[in-house]
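In the two complexes below, chain A is the common chain; its partner is chain B in one and chain C in the other.
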Partner chain A sequence: MNRKIGVYICECGPNIAEKIDIDKVIEAVTSLNDIVTVERYKLLCSEAGKNYLTEQIKKHSLTHLVVAACSPRDHQLTFMEVCENAKINPYLFQLANIREQCAWVTDNKEEATKKAIRLTKAAIARVRCHSPLEKKEIESNPDILIIGGGIAGIEASLQLAHSNRKIYLVEKNSFLGGLIKNFEKKYPEMQPCSASILQKIETIKKISNIKIFTDSEVQEILGFFGNFEVKVKNKKEKDIESFNVGAVVFATGSSLFDINKNPQYGYGKFDNVLTSLEFEQMNLSKKIVLKNNKTPKSVAIIYCVGRTDKGYCSEICCMYSIKFVRYLKDNIPDIKIVNFYSDLCIPGKSHQKFYEQTQGENIDFIRAENIDITKKGEQLNISYDDETNRKKNCIVDMVILSPALEPSVDAAKLAEFTGVPLGDGDFFAEEHEKLNPVSTSTQGVFIAGCAQGPKSISDTIIQAEAVTGKILSSLIPGKKIEPEVKVSQISESFCIGCKTCLDICSYGAITFDEMNKISVVNEVICRGCGNCVAACPSGAITLKHFTFNQIYEELKEAVQ
Partner chain B sequence: MNEIQSNLDILVIGAGITGIESSLMLSKSDRKVHLIEKTSYTGGMAIKFEEVFANMECSTCMVAPLQQELLQNKNINLLTLAEVEDVEGCFGNFTVKIHKKARYVDMKNCIGCNACFEPCPVHLKNEFEECLSERKAIYTPFAGALPNAPMIDTKHCLRFNGKDCRACQEACMFEAIDFNQKDEHIQLTIGAIIVATGYTPFDCREIPQYGYGKINNVFTAFEFERLYASNGPTDGKILLKNGKIPKSAAIIHCVGRDNKGYCSSVCCMYSLKFNHYLTSKIPGIKISEFYTDLCIPGKSHQKFYEKIKKMGTMLIRASDIEITEQGEEIAIKYIDVGGKKNSITVDMVILTSAIVPKDDAEKLAKILGITIDEYGFFKEQNQNASSVVTSKPGVFIVGCSQGPKNIQESISQAGAAVGKILSTH
Partner chain C sequence: MTEQFEPRIVGFLCNWCSYAGADLAGTSKLKIPSSLTPIRVMCSSRIDPVLILTALLQGADGVLIAGCHPGDCHYNEGNYYARRRFAVLKKVVDSLGLESDRLCLSWVSASEGQRFAEVVNEFNEKIKKMGQNPMKKKML
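Coming up: the complex of A and B.
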């Protein structure tokens, strides 16, 4: 190909002009191969500057453009746009950063000029190896699969259905509603919880564009953002239904820590030791009684059960334990309640007030460690160490254990066949701890509620709505999806089929072609991180726009 | 059935990380967004942090790409130095009046070279740096502020106080300084509003027994953040007021919790982060953390706490803390869990202040027609439903303006408000 490279050096007002001898840079690169023109200009990013570049590209029939100016972070896109408008492929452009990396880091004009020459030469060397890259556009399916029919799945379904999306809601149980169906009230406002979820279930059943699968399991999810193929199996009828969606939401919720792992609490051994969920159910049935059908006169609530085993604080146990105090006092006004806690975790604006208003006669809060429960006649004896490490004990009729939340068993299964990674506590890992809490490293697969980590009902609703926001703003009917252009490529002849790249790819973009025994990149899923390139032992993988040759030629000039 | 044409454009108030995230998400679905920000820069409080818990990720590196994307986004109209004056109308059809103060710097011409600062003869305390360093009357509050263009502080600029000074204008090579700029009153028609005005830290002076403002080397959390920041007043050196390196430090949790009546949810974690800051810059420093209840909820936080505990920090559960000057040092008197009086001396004290609503939250609530709760945060319509929904349809509240929370939760709320808008409007 007959290359015609134009090189333009920005003065950036005095910023570059005063710190770098631009004429020397011009002189150093003018005679290089393929260079048609080298010019200086006062401010290339200005409107006038952009028009000037466009005219220059046309005037000299340039095929490649090099600009020596500021950081790519500032104006890479500006100049790529200029290329596009002037009808040259925007990837046949390279920006040399001679401001932040030369002019602004030294007062030594001679050294700055030397470095600016190197960087400009490096950019020229690199751009010679550039290939045009074309944007791709793929059709997308706007329908959505939601796995889990608890509050997160229900809220996401309702909101997405509102925007006329077709929803497939898959629930493994025979009923919707998840754990919170068992909760009479929700803290801190003590509004009805079970009743409100039942109402939502009625609403959801009436919406025609939500297709509900109960007693069902997702068996397979293949494909990529905008185009997933899903297989759902009905566990009772054994039949399998297949359909396509554009996005998937994991709303698989949580289950309770298995208390049998902590035998010191006597759960399963002694009567009247209940889990929080069992107590919620007992309260909902309006019959808070002991095994012998008598009303308890005293109850102990044990916080943080399983926290040490799990290695994290489940966030909601303090608050719902305090709610239990309310339940108990509402039903049995003169009952004595002892709360055994370690650290009270009641974050947020209205929770402390809820706690303060739950204190009163016959309600004790005791900071305790090394709790051990034994039977004492009809009653239960709780021995513990108090704050000052003194051994103490207390006798009650009933014990409620507040166990940690852990991911539901389905999470691990889903993670295995979809490749979406699990993170801390084996909850699904979010794409970014702060900035992308409801996205995963697999584009188009989202997480909401306790599938992402232990959290309250309100935070779960927020995440379900956030997923809606993510989906409605990225998967738009009729709008095509533009995947990354700078993706990996695997050479069929160099690949030795060692599968190293399959393990290294965080996005599940590489699959193995068993027939030909080679790895294959799905260009739609690949995000161009380059990890596979570095890991491949046979040098079979290249990353477009960061090829070995491009980097080598650039470095050769930059470091010689 | 009556159907009225509704306006699809959105107003986002506050260009902190939550407002930025809301705007970017909306712009992706081709909504026009007007993002208004009271200060001259974007990024809010998060850009004051050097690192964020629990991954100790560089905060600027986390926020800057979003800020850059924002500035280059054609669907987002960013108005800095702007405030809402008046709102009329209803969901789908709001008319909003904006007061945009003059920057006196033409953003089209300014390239952010900072050549105008040096000749300015006015020296002032830099509020962004918690007054630990100086700025001029023409300034950007910190290196790396985006948009990268200074503003003129007319309260102190000589030219705006009757003197004929043109020092900055003479230094500018791009004719970017424009003393004739005028404040603008802009009227916008929009369909929905997201309020993301954030928080301020609790004023530690309200608790006199902690000695803040009276005792040297008693720092607030934000002062300490800036001391550690590589673009801060000491270039990231943690120094005492006399320039010496502290050998011991105490971190006091829950400052303002009793006054405010709520747990701010992030202070325990950021206090633990401060441990990390101190030990990474001053190996061997002796650290004591005074706390009441450790509140470190969530799947990743306890792991962080356990790592810090292994570093040898003294964790003291204490009450009735009193801080006094003792020569060059600081004495901390407290009552321990056994009810015994105790004390230690340290070189430096850091007060981790509660998250409190912005001073003007009530005023803004009135303009928007929403309510504030008993703590002064914007009030959600119903605690049983979505926390981003207010009593006024079409006005959504996100981030710390709704209540204290961490960045992850703020970002989730931003997404939730966008979800609400895109699915109903």
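Coming up: the complex of A and C.
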């Protein structure tokens, strides 16, 4: 191939020009093979600079372009666009970073110049081995699968259905609404909760483009962003339905920590020891009574149950426990309530006020440790250590335990067959805590609500809305999806069929062709990390744009 | 001719964390020895042992591989593979009678410009003390 490489060195105003002797760099690379022209320019990323480059590419009929300027994290895409506009393949371009990693970190101009020469020569050596890569486009399916019919799933379904998307909503139980269906009111505004979710469920059932599967579980999700194949099994009728979607939302929610692991609370052993969920249900049925049908005169609420076992704060237990104080006072005004907490977690703009307004006669908040519950006649005796480490006792009619939240049992199973990783506390791991809080490492799979971690109803709705936004802006009807171009490729003749690459790929992008006994990369799923390349014992795998030769050529110049 | 020894160090930096950390060292105007020539790769797991040995055979006095901190890999677990391969390679290099101290694996996040500068400075000092890669002399 007859290469015509043009090399352009950016002065970047004074940033590069003052720190590096650009003329010396020009001198050092001008006589290299295939170099047609080497020029300097004051600011290549400017409009004038981009026009200049475009003209130069045409004028010299360049086949390859090397720019020595800033970090590829800054302007790689800018110059790749220039290439495209000037009709050369954007992958026949290499950017040498002589600003961030040379001019700006080296005091001595002579040393900086020598390093800039090495970097520029390395870029030239590398670009000689570049191959043109072509962008691919694939059709996408705009429909969405939502797993979990709690508030997160319902909210996301409603929002997406408003934008005329077809939704498949899969719920394992025979009813929608999840945990919060049991809650009479939500904190801190004490507005109806159960009633409002029932209303939403009625709305959702009337929307024709939401298909609801109850008593069902997802059995298989295969494919990639824009093209997932899904199998849903009805647990009662045992039949399986298959359909295709473009994106998936995990809204599998949470369940309560198993209190049987903490026998000191006497749960299951003594009457009148309830979990928070059981108390919500009792309150909803408007019958707050003891086992013997009498009205309790005193209640203890125990916070932070299972917190040490789980190793994290479940965020909402303090607030809903304080809400229980309101429930109790509303129903039994002269009841005595003792709150045993270890740390009160009441953040946010309105929670402190809610707590302060829940103080009053016969309401105690006690910071306690080493709680142990035993039976005392018809009543329950709570022994505890107070803040001064003194053993104390408190006798009540009823105990409500506020246990930690943990991921729903389906999460682990779903994680296993979809490859979406679990993170802290075995909740689904977000792609990035701050930058991508509702995406996962699998493109096209999103998480909302307690599937991602314990959270309040309002935070759950925020996430459901965030997921909606993410899906509506990335999965657009009629718009094709552009998968990664720099992907792995397996040579049919070198592959020995050892399957090493299948095990190590984090994305399940490699499958085994049983007919030919070789591994095959699904280029749409591959993210281009190159791990399989390093793992392949027979050297059969190449990562496009990061081939051995390309890195080797760069390396040779780097050590000069 | 008693020229001071200027090492040649190749730095394989992962695109998402360490290369970004190196860029940050630049924007923070920290000082980094010019002996280091960075080579950008997408993930530290791309760096197979053959590339590291090739760098030594080509005369690099030191080879640095830097990736995301454990648990932070952009590709889930690439850095764990890099770490495992590196541990094996060090043993192989030692058993061949070569100096495995010329190889360094480190974790630098995108926000750790300062740490990047420290890692490179420290490694550079170590290599300076070790002197030239004997394989380079033999080739000359």
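Simple rule for what comes next: the second predicted complex is superposed on the first by the 518 of 560 C-alpha atoms of A that agree within 3 Å, B and C clash if a C-alpha of one lies under 4 Å from a C-alpha of the other, contacts with A are read in each partner's own complex, and residues count from 1 in each chain.
FYI, a contact is a pair of C-beta atoms (placed from the backbone, for glycine too) under 8 Å apart; a residue touches a chain by one contact, two chains touch by 3 or more.
All values reported here derive from a predicted model rather than from experimental measurement.
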So in the superposed three-chain picture, is A:K349 touching just chain B, just chain C, both, or none of them (first/second/both/neither)?
first
Just checking: does A:Q101 make contact with chain B only, chain C only, both, or neither of them? Give me first, second, both or neither.
second
What is the contact status of A:A122 with respect to chain B (first) and chain C (second): first, second, both, or neither?
second
Output check: A:T388 vs chain B and chain C. Expected answer is one of first, second, both, neither. What do you get?
first
Figure out whether A:Y552 sits in contact with chain B (first) or chain C (second), or with both, or with neither.
second
Comparing chain C with chain B, which touches more residues belonging to chain A?
B
One more residue to check, A:P188. First (chain B), second (chain C), both or neither?
first
First (chain B), second (chain C), both or neither: which does A:K114 touch?
second
What is the contact status of A:G306 with respect to chain B (first) and chain C (second): first, second, both, or neither?
neither
According to the stated criteria, A:G469 is in contact with first (chain B), second (chain C), both, or neither; which is it?
first
Residue overlap on chain A between the chain B interface and the chain C interface 73
Complex contacts: residues of chain B adjacent to chain A
21, 25-26, 28-30, 52, 54-55, 57, 62, 64, 66, 68, 72, 111, 113, 115, 173-174, 257, 261-265, 293-303, 306, 317, 337-338, 373, 375, 377, 382-388, 403-409, 411-420, 422-424
Please give the residue numbers of chain A that touch chain B in the complex, ascending.
12-15, 43, 45, 73, 77, 159-160, 162-163, 186, 188-189, 191, 196, 307, 311-315, 343-353, 356, 367, 387-388, 423-425, 427, 433-438, 453-455, 458-459, 461-463, 465-470, 472-474, 476
Contacting residues of chain A [partner chain C, same complex]:
71-73, 97, 99-108, 111-112, 114-115, 118-119, 122, 421, 441, 486, 504, 506, 527-531, 533-535, 543, 546, 548, 551-552, 554-556, 558-560
Using the touch rule from the top, collect the residues of chain C that touch chain A in their complex.
8, 10, 15, 19-20, 22-23, 25-27, 29-32, 34, 37-43, 45-51, 54-55, 58-60, 74-78, 81, 85, 117
